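Quick heads-up: structures coming right below.
Paired with subunit B in one complex and with subunit C in the other, subunit A is shared by the two complexes that follow.
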Partner chain A sequence: MATASVLNGDGSALPIRVSEFGKSYGKVVAVREASLDVVKGEMYGLIGPDGAGKSTLMKSIAGVLAYDAGSIEVFGQKVDSEESAELIKSRIGLMPQGLGLNLSPDLSIEENIDYFARVRLVPPSELEARKDRFLKMTRLDSFRNRPMKNLSGGMKQKLGLICSLIHLPELIILDEPTTGVDPVSRRDFWAILSELSRAEGMTALISTAYMEEALRFDRVSLMHEGRFLASGTPEELVGLVPGTMVELRCPNQIEALGVLREYYAQVEPRGEWVRLLADTADRDKAKSEAISFLPPDLQPTEVRTWDPDLEDVFIALLRQREQTEGEATSAAGTVETYAALPEEQMERTAIEAMELTRIFGSFTAVDHVTFQVKQGEIFGLLGANGAGKSTCIKMLTGILPPSSGEGQVSGADMRFAGQEIKERIGYVSQAFSLYIDLTVLENIMLYAGIYGVPKDLRPERAEWVLNVAGLSGRGDAKVASLPMGLRQRLSLGCALVHQPSTLFLDEPTSGVDPVGRRQFWDILYRLSRVHNVAILFTTHYMSEAESCDHIVLMFAGRVVADAPPESLEDNIENQVGHLLEFRTSDPPNALGLVTSIFPEALAYGSRIRLISSDPTGDEQRIREILTEHGIQVLSVTPKPISMEEVFVHTVTSLERESEKAKGAA
Partner chain B sequence: MSLMNVWKNWASRLSVMTYKEILQFLRDPILMLILVYAFILGVRNAGTSVSMQIEHAPIAFIDNDRSNTSREVIYSFQEPWFSPYGVISGPREGQRLLDSGKVMAVLDIPPQFEESLMRGDPESIQLQLDTSNSSIAEIVEGYASQVMAPLGQTFGLKSLGISSSSSSLPPGIIDAHRIWFNPNVLDSWFQSVCQLIQVITMLALLLPAAAMVREKERGTIEQLTVSPLSPLQIILPKVISMTLAIIIGCCLSLFIVIGPMFHVPMKGSLLLFFVITAIYVFSMTGIGVFIASISRNLAQVGLLSIMLLTPMIYLSGKFTPPEAMPGALLAVMYIQPTYYYLNIVFGILLKGAGVQILWLQILIMIALGSVIFIAAMRRFKRQMG
Partner chain C sequence: MNGRRIIAVASKEIREVARDKLFAVLAFVLPSFLMLLLGVCLSMDVENIPIAIVDNDNTPESRDFTSRFSSSRYFNLVSIAYDDRELDPLLKNNVIRAVIIIPAHFGKNINKGRPAPIQTLLDGTYTSRAQITKGYISSIIASMNGNLLAQYISRIKGIPLDRAQIAVRPVSVDSRYLYNPSIKSVLGLAPRLLVLILYMVPPLLTGLGVVREKETGSIFNVYASTLTRGEYLIGKLIPYVGIAFLNAIVLLLIALLVFGAPFKGSMLFFLVSTLAYVVSTCCLGLMISTLMTTQAAAMIFTAIVTQITAVNFSGVMVPVGSLSPGGQKIAHLFPCMFYTRIIEGTFLKGTGTAQLWLNVLILVIFSIVLFTISYLQFHKRTNA
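Moving on, here comes the complex of A and B:
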């Protein structure tokens, strides 16, 4: 499927054929010279940060946005006017960006589906069966009568997907369907899509800001600032940047970072490791080279190597383009001076929750939660949408009084000293919450005033914040003119203006591109490693969760896991098994066969992944059943268990348990 | 921390937040446009074109007498008060004209009108009025009485054999009017000042509510709630900056329109006027904060404000004298600050009254405003918690 022909295998017209597409909004060029062919039954991904032009391209293909240049053909029909777009609309489904924007908040799940079915003229005889099937696949069937407005973000998004699929479109176009959605809901989401593409031959065009989702697609295009950086299968893309990821555990992480940055273009901290991209595919050479650059006092205690993943490739491709075109995105600055903690507080517990509980009416949002965050620690608070993370943060930041339990933040008791806590912490929320009609500097000065930075210190401190956020010299720019990544860095800068010793970051990187996210993390590492700042972090990006020092996983208001990410991964490996990836000659049929014996198996593009407690035995069983049906197994690769698997496995098994308990009661 | 420091911190937070509000206000061109329009053009238009004086009321006549006297009566209905439609055939056509709205009044003169008068018998004539708009009809009726009264008197005197020009009039009360405060009974004085009050009321309600709900809509409120700002420190800067904007608007209105264009005397202390206006705006913003606390978006703020503003303006005493209100509504009128503000402003601008006369009204207004503001703050605090 790597090389697209003009026609599908059966001679029919391609679902999507875009050539030399271009679209501008006034002077701003959204997309230029984009060309794209999508073959029937394919899952095609558009991957890129906010503002890369994904939405523009998708809306034009769906026939809801006029464009300036090039041509679009959908099922052989030119889409160039409202009339021509009408001709193909019955064959496609579109889900716009945003959580549940196409749904009616006051209608129940079932009523929403029925409404879409009637608009799409689905025969009532088929509707019931289809509805049951979709609701079961997305595990929404027990909530049929719940009004949409009372659903969690992930459930809304799954319902939105069902509504867009209820007329079984031949082509489905989904614009960032998984942004802000937790990993478990994302998994349900992908399950229903791969099932439909397998069973009905449905074609899908999907955009995402999560690089780790790229592996789910048959083919992807990486987009950046309105251009295609590269297109192909995930394997082909990874092959574009031959190299090795080397991870080193060094005595002084920050110093090692500084040294290695002089030799390598792509170096970043990850957990306790320093991670770098070496440009040789020879692993041993890459390893020894990296070690040779380090002075004796920084020699690593441990070294490991990996193949680069897609995110590394994306960043490398961007870097290459910037070098050739002389474009430079402003890098985040350094955090030189910081109000140091008194010696005796360096080792203290910065955030402590003890048996924290919050009850709303008859609903227990947070149920006896206990955890500790030390100074200098990056602490990840994970959980599905609605697991109680936000309520926890609200209680700890003194906004919401707890029903019972206690806690302290930066040495202040949360039950009595809400005001002190607010003065001592910095906070960045998932929604951008600075003033876009003010300039960068005006925002900084406002927060400097609110947090009581002395007047004579403010100009100097503002300069420092500009430097930290990588916005030096742009103080007079209106915030409205900044891209997403820079805005979030400014948010962080504003939260640091009083140099707090504790930071609360609630999904601060949602929708930020990989480059922006890495620069954001760079600042966080410096704050925690050099200045001993405690950071409590929530995210739905599991690759970010891996960068945390310590993880607490919440489920239904309770803490269900509390350990560093690596030991969580090891635990799953010891208790549940190893992750295997299969490549086969006939992916759609192979998936059906494998799921018949391993219901947990998932499609990742043309590959199948499953967790197995008995890798050799299970591999044998799968090889047998596939060869029996004439399907060749091309390769079987063991993959490291990642936080994604930890999260999904832990949460789904708990969900099953609680359902069983309900069934028993 | 010493008390002095606590206070300095508090004041510093208030001042940076107020500066932010002013910046945001200045950066919003639509808001500036509305301010300039409402305070300058809006007040000017109200003063020049809104008038309670009826002119050119169309009137038709049924003349069953066709005598000199009946013609004399008909010719007494003249421009500019009336616009004579002409003599029509009879009651049927009169009814038709009233139904279709072509005339507002039909005057019916009976047969033998002149003859009876000559005989010295009393005679009546009939005026039919379109009272679908009762207040206009009442004014027209007033005009008609004013036209008919001297005529009736002349006939009455004639029948007694006394000429109306004679110096020996019979005993009677001579009704001599002295008009105070607005000697030429200019509607423009009343209307322009009323419009100013209306604009102040509207903006005092809408501007802070809009500024509050904008923070909600854009999510910026979240960052403020986790900051060490108290609810009062979030609300007060909005109130202060919007009050400032409204006071500047008032200056524009007074010194560009109401003074130079309409020559309203502005007899009392302008300082007192501005202080009172600031206090009034403050109490109105309480209602604005309340609206913002129950609204999720700007559309809801707009609709709720319209719903509240209409009765507030109708019950301010502008359209309806309190003496004419039924008991329950009178109570509503007495508990809303707009009523007192209207009285105070007219007292200052037209009558030249000072604190020694207005103190009670001022005190009541301040008391009502404080109650509203405190209630709204409590609600806002609960919501933030």
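Moving on, here comes the complex of A and C:
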């Protein structure tokens, strides 16, 4: 039974109460000492990289996984055996991880929903109405009879959501519902979820690997390697690390980076900027201090400041913990020496796609894609799963022949190029290309052989790769024993063993924790800035876009944007307006009122965001309508436009245009 | 136990099977294909053995001897040669399986009443075939000897040839083969193939059923739902039992119509006991499914278990009675032997419920035990 201290406002037991939870798989500890209370009607987020223990915790709460330590109560019911777990199942819904993996590929949308409804004994009379409502809301109603396997990633996840909600559970548990889903579908997904949880008074526990999604939740817990780093509202978490992000544009990025690292713990390159976390909340002080550390020849031409975001906080919290607990940080890699590029190659375009097209049956995976990558440039190919990124890379590297168009690397078509030219490419594939039962050194030697590194050079190169990957002295360790971040650096090192002038990276940072990701990026920056390597990489993390020199956004096989990230963001700001964030005293009702005048306004946890072309006028109108209904506006903050918004607005405006064109015809 | 939930699981499963091309082929085409293939190829009759004869004599006697082979349905006289060296390559390339060499003076020796030896060369690579061939050759020679003796007696004693024939062979054998009068092996084999096919295919399909959901992760829908363990397992079992039973009827028709097998027992009894058999084999698959975690493992495990036991202990390829005492005990641990008895009874012997009910009961017990193990193995709250 629940005690007085663990009740909701209305006196009922808390939907979730976890204390001192622990679970190991054999010798591997997945989660330790996790405690968590979720209040009725709350949207609670578990945020962390792969292997942080999110799934383990969620499955245990849903009663489908046995655990070793601590206790779990769901709606006041102890979940500690198969029998007791059965008692909560009528009140919960679970959506396991994986794009559409919990659905039946050969059944249609409607058949999938019907199956879940019948298993849950939803009365047929109610089912029809509910199904209509959900399908309309998710804009899936025109695809009722389409087999699930022919849906896009975003549609699959929306269907998965409907299926786990069809019996209107009081608590819904969603395991990484947005991973690999394009930003437009992701936005839809969050809108549907927040509307439903409001309408039905539903409680939701949701995990995500995207730090920027934290703002969608009422409260979040940051998880790393099986532990909670911190819990609270997103504001509270950001408040844990008082500080200012300072961004400086310096004449020599790499040198400035080196200088500033001596004074700050968190410094990294971002596009043409150097970004650092100053531990003072006073922005002017933070700015002047940072400038004062730089010698005259590195003085910045431009400086700007931001509030730290959750990813910075996550890293700062990790750093603090490491300092107090004395845990060893894995050394970052360095690239000191590198093969010099031949003169004539500097002039050439490193990678060029010319009207590249690839058709599989009736499906166009890549549709007339054109772009160029220069030597020394970090070029990001962004898009959701299935947008055509990997197919593009496969055509450029000559693995897959294009249906039409041409792809060139260093001026040569890789399908017909000789071995000598092929050896100028390095490639890290989406799936790990390492042999995990071999040691680190055996893997490096294998790749040295594959890439044709001369025998007498190999021992020296192996040592060099170990340095690049930050694995010096660990050459005899089995790859299977390395954590994700290190493995990823090793596969990068292996792809560099022949010191190529062009590097292809296919989702190299997917699932890697923020620290590992930043160390990975450090290496990429050095390669591009100092050694002029051209780097083409793909990712579905929109936040990584800001680290690129140039990006191409892909949607359904087409290029929908092609420019440096900043100019894309500026474009949107000029075209559609500025991003405003409102905090109010009554978030659920406020959203309803705001969407009545701004249909595109979105809930971000307890906050409301909208893009406004007339910020002062719109702010006034919203304040008026809210005060009219007795809702207080706590704050209105302008926010920078992110790549996420760029993507959403570009795609939705393109969709609108094509609909208009259809209507005109 | 809630019927609606069981139906929900079962109807989803059957749709998935029918729409997944590979699965549909495994479910609806493979059994009939196996039946036709094995029925045609597994025939154990030894007929039309290709042979060659080397006739170094070339007399009426040697030609008479040769004609006894060329007119026999057991032999196919491929070549008559006059030099045995010509036949070596034919033996090596499997064109002929045996060579009979008639030496010079064969006819003269017979007429003079002297021993007339002949030589046979047999391909011994496949022992039982060589022995059967040797048996056929010996009996042809024995009958020729008998005829020669009868002629001799009738000539010496001046009695008619047919009386002499009887005097030479006072005891004659007149065999009648019960249950399979023409002893064409396919008539006995075709019904027995039901035992093998319904033992190998349904567990394979059922075996994939639960594991497939474990592999994709959709099993978590089941774990997190209000479906009980029993409801889920029964819902999973029903479609595969249905498919297997449907296949059983198709196989029955193939046995009767394509291979012309006799059916002498009660059709109703046959159908009831066949249902009991496919339930037990599907439960075997279900049990494997709850024990394994990947589809590959479930498939390999099912294939090995069912094939080894089907070939060795079902009584189809080797009669259980001729197994070693240990082997006979092992045979009782699997359902196939009991169904073989039912098949032999209903198809060939015309026996029914009175003699065979115990076998059906045993199949039901197999089903109950296998399902119970599955139920105890399957948990909605796992450890990893």
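Rule of thumb we're sticking to: the second predicted complex is superposed on the first by the 633 of 665 C-alpha atoms of A that agree within 3 Å, B and C clash if a C-alpha of one lies under 4 Å from a C-alpha of the other, contacts with A are read in each partner's own complex, and residues count from 1 in each chain.
Here, a residue touches a chain if its C-beta (ideal position, glycine included) is under 8 Å from a C-beta of that chain, and two chains touch if they have at least 3 such contacts.
Just so you know, these numbers come straight off a predicted model, no measurement behind them.
Asks: Answer with first, second, both or neither: which of subunit B and subunit C does A:Leu438 touch in the superposed model?
Replies: The answer is first: A:Leu438 touches subunit B but not subunit C.
Asks: Please work out whether A:Lys59 is in contact with subunit B alone, subunit C alone, both, or neither, and reply first, second, both or neither.
Replies: It touches subunit C, and subunit B stays clear.
Asks: Return first, second, both or neither, reflecting whether A:Ile450 touches subunit B, subunit C, both chains, or no partner chain.
Replies: first
Asks: A:Thr397 contacts which: subunit B (first), subunit C (second), both, neither?
Replies: Only subunit B is touched by A:Thr397; subunit C is not.
Asks: When the two structures are overlaid on chain A, which partner does A:Gly98 contact: first (subunit B), second (subunit C), both, or neither?
Replies: Second partner only.
Asks: Should A:Ser142 be classified as contacting the first partner (subunit B), the second (subunit C), both, or neither?
Replies: After superposition on chain A, A:Ser142 lies in contact with neither partner.
Asks: Tell me which partner A:Ser596 touches in the superposition: subunit B (first), subunit C (second), both or neither.
Replies: In the superposition, A:Ser596 contacts neither subunit B nor subunit C.
Asks: I'd like to know which partner A:Ser613 touches here: subunit B for first, subunit C for second, both or neither.
Replies: In the superposition, A:Ser613 contacts neither subunit B nor subunit C.
Asks: Between subunit B and subunit C, which residues of subunit A are contacted by each of them?
Replies: None.
Asks: For a test of understanding, state which residues of subunit A touch subunit C in their complex under the given definition.
Replies: The contact residues of subunit A facing subunit C are 25, 59, 62-66, 81-82, 85-86, 89-90, 92-94, 96-98, 101-104, 106-107, 111, 115-116, 118-121, 147, 163-164, 173.
Asks: For subunit C, which residues count as touching subunit A in their complex?
Replies: Checking each residue of subunit C against subunit A gives 2, 4-5, 7-9, 12, 15-16, 19-20, 216-218, 220-221, 223-228, 379-384.
Asks: Which of the residues in subunit B come into contact with subunit A in the complex?
Replies: Answer in residue numbers: 9, 12-13, 15-17, 19-20, 23-24, 27-28, 218-229, 384-385.
Asks: Using the touch definition from the top, list the residues of subunit A that touch subunit B in their complex.
Replies: Touch residues, subunit A against subunit B: 397, 399-401, 419, 422-423, 425, 427, 429, 431-438, 442, 445-452, 455, 504.
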